[in-house]
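A, B and C label the chains in the order they appear, each numbered from 1.
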């Protein structure tokens, strides 16, 4: 069918073996739960590869979509945890505790749908995608792109954080939504639940990876790359450039939303600190470290950076920021193609020599042609 | 010969990662036959698999040392390390030296939860001293309850919480607020109040309690305005004009973080003279004055439980110890002192319980007294908060507070106050 | 009488409120101008802008220390020395950063954003290691911290007036530099067509370096001025950066006039609303309006007519 060639299969198989077999066997439950958390950032990084690597749209607001997905999940879990029996010491039993602290006596309307698990599951990809649709429509239809688009998404991230923090009666404010207990009656706090959620998460991630690969190998994916390299050429060929951009932006947003929901389930709460500017930019660096034009690279990037963060901040908390900052600069200046770039330059030709039957069909993402730098706008 | 013992002891103490305690001071606890003979067997004091050996017990320190909250939390880390080194120098806890593992919360709440879990699950810490903001405490609370850890939380906070797994060494809102309002009403005859706060749970809850007290319990008093600002807000000129227009007897300010500096500088620049206009705050400790500048806040009143200038022998020794360890320009605020109480209360409780087991510590906590507390005398209440005195201090230009009032008795902690919710 | 207040009271409050709005406007312009110069003229977003501001603040702090120790007699005037030093320090640091980092990335505007973000993390940690995690108190001479009494009941903050004066000075200087002097012509030429500008003999690398240095220098001055009204700590730059970005985005890029107009609109809206609503609510209303307008006019208030 042309979506996956032999080499893709080999490497996706390797990733699956790593996250589904090697890591669960090698790590104790606590560390495995951490890896599960890192993998949720992999969803965002996948979206960024399509958005930024392929289409040249850098969004510095992916944290918004991650957060929205996470909040949708958290609202459902919070409602389930706030039964009238569990909250009987409140002035108004049956509503989340932070609402009671803020003198709210009735569940707000926009919380109502989250009583239902089905609606919640629909909302998780849909709410982020809808916001992306509105933003994308307003921006891309007017041909706003490049750096300016990046800082607008960043402004949106800042604004949304301030709104969430300011409306604490409805959102839990700066504390976020905490103390989540069960998913449809199933306790998500036990080690067993964490293990189950880890596998669900890893499976979903590989599913999304395949979906992303499908999009890239389709005609749509080629148009995206063509747009990145010379937008006007594609426009003059008669394609509606803006529509393609809007689609890929929404797709990335939906992926981020799924990641956020999985994050909430595994960590047990959601807070506005994921919506802001800082996490949004960090998510971009996961993608950059892994290689902005490689889906697999993005996942390895998310794993590698977060693993480094945990290890370094345990050993030398003061050095962590220096290391992260230097990593940003190093990757951007010296290795713009990240881990995947290093692989393509050095190991891929070797692999081709050693295992000739693996050789890829030539494709737009093929190793022979290193993708040009994504230059989105202005020039 | 003696030199050999000393150098090997020094190496050993260094290996245990202890700062500030001299090898000589460790001598008794490490010599076989001396203090060790009294140390109960590990199997007896630790039945739940905590990180306790024959000679050491491991605890965690969990604060932000990077990010925006590092400004406030640095003092707490210093105080906790000081207390631990003093306890070690005095022979440790149940004959064991305290070894501490420090983790960085990085001003990020989910990160606090991750690190708390690491300290409990991975490092098996017998107790954790840490957290500062309400948000970080809310983030780690489920972790401590699930994995049955013990958290000593130092900050004055909004109340509405009580947990078997937490000892709150700072004051809860009613302890901190009510006595101050009564005092300002009685001694200065204040009738009208303007409430200000940063926009999150602690200032909102505290102002709610203040408003109920002002309107319900103080005759003829009323609130003439109430305003909240986003965290990190730096522009206060408009609200200062509003305050000027409503001319309150008291400005009641619960502004936190970097906003504090902006608020007091702009208040002074707008011509509000704090020697004439009464301002009562519950959020500015000596730590914050360092950034605001003593000149800019001189004359304001603060209501909390501890000031660096308190004149009692405990506090003199504490301040001297702090200055010896961190330099003689050290500033010590209310929260820093409360953080210092944590390791001591834990030590006293462990010795009362005769065990490091969290369940036994939690059960033995009520009634534990600490007579050496810098703030005077404290005792743990059944609800895991502290009985403590409430004090009002007047800010001086040199960055210190001058004690002007303290309650005669210890104030009872009441995290779920009836009639104030 | 109105709402229980006398007309005299209301009059003075309106006057003071007017000044509050103007001061906020000056603060916004000062914050955003450096960012706008760099972005407008070079297409580079300097994410480390806040950290350059804090560099200026720390320079001011050090200068005040030097004066208290060696020249206590001249302390009253130290601030003006500090502003100049802050400009030079931040400007030179900016030029160094341009030379080391930015010039390698001109063909990749999105990547400069990430690289300067990395730089901001490093700078924050450096400040923390050098000056400690706590806020430092910057002493101001007594005359700067008071209020000017225009009448019995109208009091204007002197530090606000100083910020206004500084902002005016810097804005006029930037205007003259870019629109009246030869160097400004070079900047504009490079902005409009880099290749052609190079071909007619303009040293584009030098122009870039000086522009970046100028933007960072203005950030340093802003940081120096903000020691009068705000806090100085390793992460204080983050307090200002969001507002600065909003002003630049809302104003539209490539247009300094747009930046100023946007600063004026946002500051007046915020200061008026803050008077009638709570501070938090005022900010929410302003932000929602800004988002709404951005959705309708994503290029901002003022746009250069450049076909993309």
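Just a few scattered comments:
Methods note: contacts are C-beta pairs under 8 Å (C-beta built on N, C-alpha and C of every residue); 3 or more make two chains touch, one makes a residue touch a chain.
Worth saying up front: this structure is predicted, and the values here are computed from it rather than measured.
Among the remaining chains, those touching chain B and also chain C are A.
For chain pairs A-B and A-C, the one joined by more C-beta pairs in contact is A-C. The distance from the centre of chain A to the centre of chain B, each centre being the mean of the chain's C-alpha atoms, comes to 38 Å.
A straight line joining the Cα centres of chain A and chain C is 33 Å long.
Of all residues in chain C, those that touch two or more other chains are 125, 128, 280, 283.
Within chain A, residues 162, 166, 318, 321 each touch two or more of the remaining chains. Residue positions of chain B touching 2 or more other chains, listed in rising order: 65-66, 199, 230. Contact residues on chain B toward chain A in their complex (touch as defined above): 65-66, 102-104, 106, 108-110, 113-114, 117-118, 121-122, 133-135, 138-139, 141-142, 146, 160, 199-201, 204-205, 208, 230-231, 416, 421. Per the touch definition, chain A reaches chain B in the complex via residues 30, 33-34, 37, 89, 91, 98, 101-103, 162, 165-166, 168, 173-176, 178-179, 189, 267-269, 271, 273-274, 310, 313-314, 317-318, 320-321. Contact residues of chain A toward chain C in the complex are 52, 58, 60, 134-135, 138-139, 142-148, 150-152, 154-156, 158-159, 162-163, 166-167, 277, 281, 284-285, 288, 318, 321-322, 324-329, 331-333, 336, 373-379.
On the side of chain B, the complex with chain C involves touching residues 65-68, 70-71, 74-75, 199, 226-230, 232-235, 237-242, 244-245, 258, 260-262, 265-266, 268-271, 287-296, 399. Contact residues on chain C toward chain B in their complex (touch as defined above): 5, 9-10, 13, 16-17, 19-20, 23-24, 27, 125, 128, 132-140, 142, 145-147, 149, 155, 157-160, 226, 228-236, 238-240, 270-272, 274-275, 278-280, 283.
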